[in-house]
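I've put the structures underneath this note.
Below, chain A partners chain B and then partners chain C, in two separate complexes.
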Partner chain A sequence: MTGAFGALLILMCLLAPLAGSTTISLVRAFDRSLPFADNVDAQILFIARLPRVLAAALVGASLAAAGVTFQALLRNPLAAPETLGVSMGASVGAMIAITAMPPRLVGGMSTVPLAAFAGSVAALGVVYLLSIARSRGMSTTVLLLGGVVLTTFLGAVISFVQYLSDYTQTARMVRWLMGSLDVGSYEPIGLALIPMAIAAGGYATLPRTLDLLSLGAESAASRGVDVVRSERIALVSASLSTGAAVSLAGPIGFLGIVVPHMVRLLVGADHRVVLPGAALFGASFLIGCDVIARRAFAPLELPVGIVTAIIGGPFFLWLVLRRAR
Partner chain B sequence: MLENVFVAAKRGAIVGLLGPNGSGKTTLLRLMSGTLTPDSGAITVDGRPIGAFSRLDLARRIAMVPQETHATFDFTALEIVLMGRYPHLGAFELEGADDLSIARDALAATGTAAFESRPFFTLSGGEKQRVVIASALAQASDILLLDEPTASLDLGFQLEIVDLLLRLNRNRRTTMVVSTHDLNLTASLCSELTLLFGGRVIASGPTERVLTPENIRALYHVDAEVSRHPLTRQLTVTPLGRAQ
Partner chain C sequence: MKARAMKRLLIAVLLVSWRVAAATEATPHRIVSIIPAVTEMIFAIGEGSRVIGVSSYDHFPPQVERLDRVGGLLDPNVEKILSLKPDLVIVYATQAELKARLARASIPYYSYEHRELADVMQTIRAIGARIGATPAANRLASDMEQQLDDVRRSVARLPKPKTLLVLGREPGSLRRINVSGGYGFLHDMLVTAGGANAFGDVKQQSIDATTEMILGRQPEVILELRYGERPDAAAITREIRDWDALPSLPAVRDHRVYILSGNEFVVPGPRLVDATWRFADTLHPNRH
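Moving on to the complex of A and B:
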């Protein structure tokens, strides 16, 4: 089944760049006989379309994997990457960058993604402190509550920053908060890859442990799981990949809750299949949502977060009703 | 808070931890399984301190059945039982044919083979508990700790679990430590008892010697008669009323 998800992703990566106001052909784009400067199809593909598809794939995979991990870690099927406040932390970072920082640093790197990631790391720090309290016996419920409180507090900070800004800055902030995969170039993608790769390393150790942790810390411990260490790795990996995703594309909702459940409906509960499956399917899902966002009301571009909400919202509602057996 | 507690379980014995809610039974079981560390004193398995075992080693020696198991996701009964094989597998090793047959044997031993493909959450309380016991059996440990295994079960299932545990003890020589506050369950299942009250041991020893009206009054403030039932030949506790 993982193979099927992989094949779907490859298909999406090949087809998505073709969607756009100008028709391009992959064959012409890869025609080596034309120099790049003359090859319009190649330019459109590599400069305009591919970064967007790549960003969608990475953000979709990151948010889906984080969703799976948080749901298992918090033993709550309604948990999401946003639950513990990391996404809000990134948003605060972005707000501060838009208000108070120049658009680019001396080195040429754009400040908003960097500040957003710094914000997410700060929020991760707070959550990490909560996890230390957790390892001293704090329950996952308290961890969840801590995340909710952090999210609410940071939401107030964002409102405050918006209140102090002028109209242009506020407009930019509102746009950023809607989420957008229009990353512009490969540079922010390259930067985001660093924390995503670290998170992937963490994820690689987790699947079976997540199965056992989802039955309860005591059940997992009695079967030999190092609960404290595994929970910490899960927390940090999921937070890093969420922070990287939100720094790159802004907060994109619903994907992190909904994709894990879609995948579980297809392949069952075993995290050794669900975790990689969700990453692959999340990538395809977001690529698809972005194509819809770009083309549905062309030339008007919807923020991709609206598309994920329209698809994800009703599905999420159905999930909740289904679980209320 | 436990104080001055000494409990010993000989190989193949079924030891009961009896006491009212809050007396420290669950804490004591968690100390025995290694989930909690004592502030002072030591837990030893076959003479070796529990800290000397690696986590996986310990899981291969001791299995624990908690009072309740809640599956967040839709695992099947077989998947739950296969999780008991975790301490026997390498980091990225998948369950093999051996593991599958051990898991199926465990399901059969607990009378739950028919539920193999059913989602765990659809099972009744007694069925769930039996599947969790099967999962502990799949760990192939020689020590089994059970935290109130029959609490919240219907009478029929209570009797089933007692039968199951006695059978397992007979066939596999599994050492068991069972915490409970059900007096008659204790009497039918355990050969030895440790009575806990307020975190202290008030009596311990063979069941006939320890399960007395005086001790029951000390634990529950209830007057009771302990006699051998004419039909079952088992020690039976009959509550007479609250102590004055």
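Moving on to the complex of A and C:
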């Protein structure tokens, strides 16, 4: 089954760059006799579309894997990458960068994504402190409550920053909060890959323990799982990949909660299949939604978050109904 | 029952509108303006001394800095407005809640909305008539129309470069680029100044343009508007260099990316004429 998800992703990665709001000629795009600086088709393909497909794949995979992990860790089917406030932390970082920081740091790196990632790490720090506040293991209830409080608190911080800023800054913030995969270059993707790779290393150790953890901490411990350690790896990996995804594309809702359930409906509850399956399917799902976002209202393009919810909602209900029959 | 309730409602509406209409006849002497563009219009007509309160975004002309502030488009301070005892409040068309409260307090208001360039002169004439300054307002509006005609004539025979009019983007990158579509006063100003809007076919005031959409349209000139403080020369150079990421754009190749800063670009009042001249001077620098 994981193989099928992988094949789907490869297919999506090959097909998606062919679709867009403009029409391009592949022959011209790969024509080496034209210098790249003059080749519009090549630039649309390599500067506009390819980074966008890559960003969609990475963001989709990160959010879906984080969703699976949070749902198992918190033993709550409604948990999502946004639940523990990491996504809000990234948003606060971005808002502060937009209002109060220079657009570029020394070395020419764009400030907003870096500040967003710093915000998500700060939020993760708070959540992590909450998780170790009780000496023996972490209480998922404390984590959930802490996450909800942190999310609300950071939401108020965002409103406050917006209230203090002038209208052009407010407009920029609203645009950021809508989410966008149009990253425009490979640089932000490269930056996001670092935390995503660390998170992937963490995920690789998780599948078996997640199966046991989702049954309950005691029964997992009785089967030889180092519960505290695995829970922390799960928490840190899921938070890092959420923070990286949000700093790359802004908040993109719905995918992180629904893709894990879609994949479970298709393949069952075994995390050795669900975790990689959700990552692969999440990537394909977001690439597909983004193609629709780019084509549906051409020459305009929709924010992809609208499409994930409009396509994902009915698709999810259809899966549920099909299973119920 | 229902018919009777409807009848009562109708009478109530009629009564309220009659009272508002009756009140509107008087010439106002204590004006509160929540829209910076309207404040500028009243001052340009020469009746600024009657303005007693302005929005928190008003900074022009400099005399407004001394006036009372009554909040803005989204957060008008009703209590403050009432405490100033105005006899006319000029509000924006979408401020329905504020209009209802003013009507309840029997304070006359004038509802204003900006859309296209020609509407600005229309509004100046209408506000002039409303505040009893018709001749001065008509003079101002005609003078602006005359000057816009002058701009139009000065570029009439020149080629119209395909222009991307950028209203905002994420600082330091080419992400979340917001541009002018083919509707609204900024689009009209661009056309008057002898430019062809790269997104003129999309009839919206503003569009979120992706890199693909911009690459596909190949603009020959990029005009980027900055509001508020003028950035220093180094910052402008850096912001222009952000566009080097799209080297196939004729505007980038020919070094025709410009940052224009100033509040006259967002305030659709009398200073639009100056802003239109600046567009024309940037698009056609050697025309004289």
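To be clear about the criterion, the second predicted complex is superposed on the first by the 287 of 325 C-alpha atoms of A that agree within 3 Å, B and C clash if a C-alpha of one lies under 4 Å from a C-alpha of the other, contacts with A are read in each partner's own complex, and residues count from 1 in each chain.
One rule holds for everything that comes next: a contact is a pair of C-beta atoms (placed from the backbone, for glycine too) under 8 Å apart; a residue touches a chain by one contact, two chains touch by 3 or more.
Keep in mind it's a predicted model, so treat the numbers as computed, not measured.
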Overlay on chain A: chain C relative to chain B, clash or fit: fit
Touched partner set for A:185, first chain B, second chain C, both or neither: second
Partner chain in contact with A:77 - chain B first, chain C second, else both or neither: first
Chain A residues touched - chain C or chain B, whichever exceeds: C
Where the C-alpha centre of chain A sits as vertex, the angle toward chain B and chain C in the overlay (nearest 10 degrees): 140
Partner chain(s) touched by A:43 [first = chain B, second = chain C, both, neither]: second
First, second, both or neither for A:112, with chain B first and chain C second: second
First, second, both or neither for A:143, with chain B first and chain C second: neither
Which superposed partner A:59 touches (first chain B, second chain C, both, neither): neither
Partner chain(s) touched by A:269 [first = chain B, second = chain C, both, neither]: first
Contacts of A:246 with chain B and chain C, given as first, second, both or neither: neither
Smallest separation of CA atoms, chain C relative to chain B, angstrom: 39
Overlap of chain C and chain B interfaces on chain A (superposed complexes): none
Chain C contact footprint on chain A (complex, rising order): 20-22, 36-40, 43-44, 47-49, 52, 97-98, 102-104, 110-112, 166-168, 171-172, 175-176, 180, 182-185, 188, 294, 299-301, 303
Residues of chain A touching chain B in the complex: 71-72, 75-77, 205, 208, 211-212, 214-216, 218-219, 221-226, 264, 268-270, 272
Residue ranges of chain B touching chain A (in the complex, touch as defined): 30, 33-35, 55-56, 58-60, 62-64, 66, 69-76, 79-80, 83-84, 86-87, 91, 94, 139, 145
In the complex with chain A, residue positions of chain C that touch it: 57, 168-176, 178, 201-202, 207-208, 210-213, 215-216, 218, 227-228, 238-239, 245-248, 253, 266
